[in-house]
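Listed next: structures, encoded as structure tokens.
Each of the next two complexes has chain A plus one other chain: chain B in the first, chain C in the second.
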Partner chain A sequence: MPLSTQDEDGNDQYILVASLDNVRNLSNILKAIHFRDHAACFATTNGIKVTVENAKCLQANAFIQAGIFQEFIVQEESVTFRINLTVLLDCLTIFGSTPLPGTSTALRMCYRGYGYPLTLFLEEGGVVTVCKINTQEPEDTLDFDFCSTNVINKIILQSEGLREAFAELDMTSEVLQITMSPEKPYFRLSTFGNSGSSHLDYPKDSDLMEAFHCNQTQTNRYKISLLKPSTKALALSCKVSIRTDNRGFLSLQYMIKNEDGQICFVEYYCCPDEDVSDSEP
Partner chain B sequence: MRFRAKIVDLGCLNHFTRVSNTISKLAKTCTLRLSPDKLYFILSDKVANGGVSMWCELGQGNFFDEFQMEGVAADHNEIYLELTPENLSRALKTAQNAKTVKIKLTNKHCPCLTVAVELPSLSSSSRIVTHDIPVGVIPRKLWTDFREPTVPDFDVSIYLPVLKTMKSVVERMKNISNHVVIEANLKGEMNLKIETDLVCITTHFKDLGNPPWASEDASQDRDSENMAEARIDIKKLLQFLAGQQVNPTKALCNIVHNRIVHFILLHEDVSLQYFIPALS
Partner chain C sequence: MKCLVTGGNVRVLGKAAHSLSRIGDELYLEPMENGLSLRTVNASRSAFACFLFAPLFFQRYQAARPPQAQPPRCKVLMKSFLSVFRSLAALEKTVERCCIALSPESSRLVIQLHCKHGVTKTYNLAFQECESLQAIFDPAQCPHLLRAPARVLVEAVAPFSPALSEVTLGVSRGRRVVFRSYLEEDTDAAKAMMTEMSLSEEEFQQLRAQEGAAITFCLKEFRGLLSFAESANLPLNIHFDVPGRPAIFTIEDSLLDGHFVLATLSEPDLCSQEPCRPGQGAHSTAHLDDFASDDIDSYMIAVETTVCEGAMAAPRTPSPLSEEEEAEPNVVPGTPPLKKFRSLFFGSVLAPTEPPCEPNPVLAEDSEGEG
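And then the complex of A and B:
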């Protein structure tokens, strides 16, 4: 393993060490939340969570659990830093994002602690790239306080059912209106654009519908510009869970299978655009 | 002054198309020099434009079934034309399945390189597509501007790694930095480095091998581990790596420390040289 020779001083001085045989298992997940330049990283012994936010209204989290990595060591209770995600992704895909068949890029990622750069060693076919990405002061991330006990409606869909709908969203509409209801129309996506409104209904007994737990009719609007980046995650995912809580906050959880068949999750939280509280008593 | 040439073989045609495509990726305008044995595509850019130069040389015998030319004078049996290579590429695009392609120098309103493509036809009448590519005839007094660039004594000569790998690395680096440092030594090691406020990236290639002349010629007194380096415009380097379509059998580069990087791609009877000057 050529990468281990890079590691002259051993692992002791690093508070975070993570190795991966196939870097795409990390880079693909990070691409699903890459809609802003900066991301916050939190590592614990369970794995790494990477968070990207926009306009204090949208938060995307990618979870890469420790099991995805071949080696994963965290020396402190938690390790936090902020990093330029665009640069990180350029580094992770330095050998190209579509590798030659039969080859894969191995990664070793090390972090010594506050004030130090994140060091990446990437290797493919005997070529080694060393990247030192400067880390930044961690900033507080939003707490959406999205609690499963407050969830009113929940739907699990096969992602292909939503992919087409999202790809064809009328971007001239400022908002996407989501209706979830125990009665008809059950699950409805609506846009109100220049050329008229459009409604897309999913029947409750559709094959695409894996689970349907709606307790109360809720109609909420979300800024379409905020939701659009989530299409990146949708494109990679096999299932999506759509939930809304009593405040109308939206949670989209995407289940993504990587090339080795392991499951990772990406979630998006979004604030409602305005209060269309027609939730019936 | 006369020139006419004909390609019949499909393999030759494809090969010539690839060379022409490569040239059109590397230069907006270039000089086409015709001699009885060889064709040259020449770019000598002004320093103000980055000072990149290119020299591509191909033996006509490997491409053409017929090749007749008569230069400006018996003792100067050559023709120098100014050409937009993109136009030649575009003309050859229609020639993908052609039976024959004829290229000749004509004078229609202005001097033209006329590409006549005979396409396969089911009926007895043939289908011919003709492209007239305007060219400028370069007078003899200016020929000296297009001499083969001399290679200054290089410090290190080294074989290049797989160009596709090198291209993807340089592509990512270009997103981050405008310059790249290319360095190599006589132990077969080459590094590409960028350094910005955000990130430092170094890609290490090893076991590349040095051409035999490297150790004879360059530097008897040179420590083999000592790196020669040059900082160059990353866009020019990427243009070269992304533009080349010749699938070279040999690719190498010569570095003159802090002065110039000289790339050479060889494929059978085609050689392509590309010079990128170092930035101060």
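And then the complex of A and C:
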């Protein structure tokens, strides 16, 4: 394979080297969090975490664990840089995002350290493309301090059950209201738009419900414009875990199976909408 | 009003909403004793559409609760009604039951979809109380009639470009039925694409029109009804008269019927072949190259039921006012709302020239049905 023979001895100069036989295993996951141009990348020996944030209220994390890669070397304790995600995705899909069946693009990704570009070698059918993307000064990411011990309510749903709901969200509503309760309506998604309100109820004994652990009734509102991008992750995922903590913070965890059957996670955190005015009848 | 739709009929209802949405921005929902009627009219009032679902279409149907003498009626934004039935594929796959409830006490039209896996979707749609939307038309008055399976007509209009706005339908020599793209007068014929489809008489179940008869109407609305008729596997009747007079497209079944009334383009040369109706000729020649959109207005009328059934109107007004009612200026007690609506909706130019016996039975018939 041309990629593995390429500067075998040059690995030492890179603090991060990652190789992948099928680039879609990386690009698909990154698409699930691609709602802003810029992302923070954070790599340790465990894998890479890519973070995208919006309005200081929403954070999306994609975890690509080291096991997904065929080769994964991190020379330092942690490697951090900021990158233009749009450009990165354009490069990763440079041979097309929907390849012919039976073909796949291989990737080797190298980073030499602070101030250096991220170098991508992409190969498909003997054609190699080399991309160098400038990295940027890393910025602090938000700490949502979402701790599982503070979780009040937790639901695991088959994604299929939420997909249609999110696709048809009434975007004239400013907020999406989520009610989780040990009592009826158990799990309810509500919108309050120009044409009226709509409620979507899932009973706790529904076939779609994989787990239902609700301890106390909670009703929180989240900006719909912030949550809408999570539809991308929902579309790829097979299951979703919906949790809220004692402050009303929302965590959405999406379990995504890649083309090789490996499992990755994408996580969205969102702050509740402060302005909790009287709800409509 | 309360009704329950189950199984495949939910999709039929959804399909009707889609087909109505090709015409108007507002949907008039009128529960009547003989069924639930969904109606709409377009902004320029050159197209009117109406579906009537018979009580048997529903699993349960109640036009009005016993204490209510008269079923409530309302109009909702087409967009919001359509959002309930947006995905026809999902309706078929996941929705098991659909319950529609409208009561004067609640300020919302409530539509509930009971889906697979126990999931329930509830839509509370804001509505406006309104008058009955009526178009006065009588298919029996139209001398020409075409009747064909929807599939035949769908295939006939399929080759026409989606951008084409009007199509001419006519009977040509040899009694062949021809669909031809209609070009505006100012279009450059050298650049435009002309499409013509010719069907033999055998394709039609009925063809009652002499050679040379032709009308031009909007394709988009026509396609809307066609796609409904095709999915319901029903034949479509096209009743028409001279150019400039509305064409009436109907489908009929034991459970539902549909009427689309579309304005047709008036063409002076064709118009002169037959004697024009009194009051019609001068008016239609004024719009040589435009839809005689005003014409159809005169065929439509808003029925002010509070006047028609004055006795019932009195107890209704002091009932607890919903926010819509408050916002509506015409329920101010003491103001006769009839005139306002008549003038607001339609400057009824032609109505007096019609034989007086004609519009009146329609009015009476309708209010009887609701009473």
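Operating definition for what follows: the second predicted complex is superposed on the first by the 270 of 281 C-alpha atoms of A that agree within 3 Å, B and C clash if a C-alpha of one lies under 4 Å from a C-alpha of the other, contacts with A are read in each partner's own complex, and residues count from 1 in each chain.
We adopt the following convention: a contact is a pair of C-beta atoms (placed from the backbone, for glycine too) under 8 Å apart; a residue touches a chain by one contact, two chains touch by 3 or more.
What you see is a predicted model; the values in this text were computed from it and never measured.
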- [ ] Could you look at A:200 and tell me whether it touches chain B, chain C, both or neither (first, second, both, neither)?
- [x] second
- [ ] Have a look at where A:170 lands relative to chain B and chain C in the superposition and call it first, second, both or neither.
- [x] second
- [ ] Check whether A:124 is in contact with chain B, with chain C, with both or with neither, and answer first, second, both or neither.
- [x] first
Open item on the list: Quick check on the superposed pair: does A:94 touch chain B, chain C, both, or neither? Answer first, second, both or neither.
Closed with: first
Open item on the list: For A:133, using the defined touch cut-off, is the partner it touches chain B, chain C, both, or neither? Pick first, second, both or neither.
Closed with: first
TODO: Determine, under the contact definition given at the top, whether A:146 touches first (chain B), second (chain C), both, or neither.
DONE: neither
- [ ] Quick one: classify A:42 as touching chain B (first), chain C (second), both or neither.
- [x] neither
TODO: Spell out the part of chain A that touches chain C in their complex, as residue ranges.
DONE: 161, 164, 168, 170, 193-203, 205-208
Task: chain A - residues contacting chain B, complex - done: 84, 86-87, 90-91, 93-96, 100, 117, 124-134
Task: Footprint of chain A on chain B - complex, ascending - done: 161-162, 164-165, 168-169, 171-173, 175-176, 197-207
TODO: Would you mind writing out the residues of chain C in touch with chain A in their complex?
DONE: 76-77, 79-80, 83, 86-87, 90, 94, 108-109, 117-126
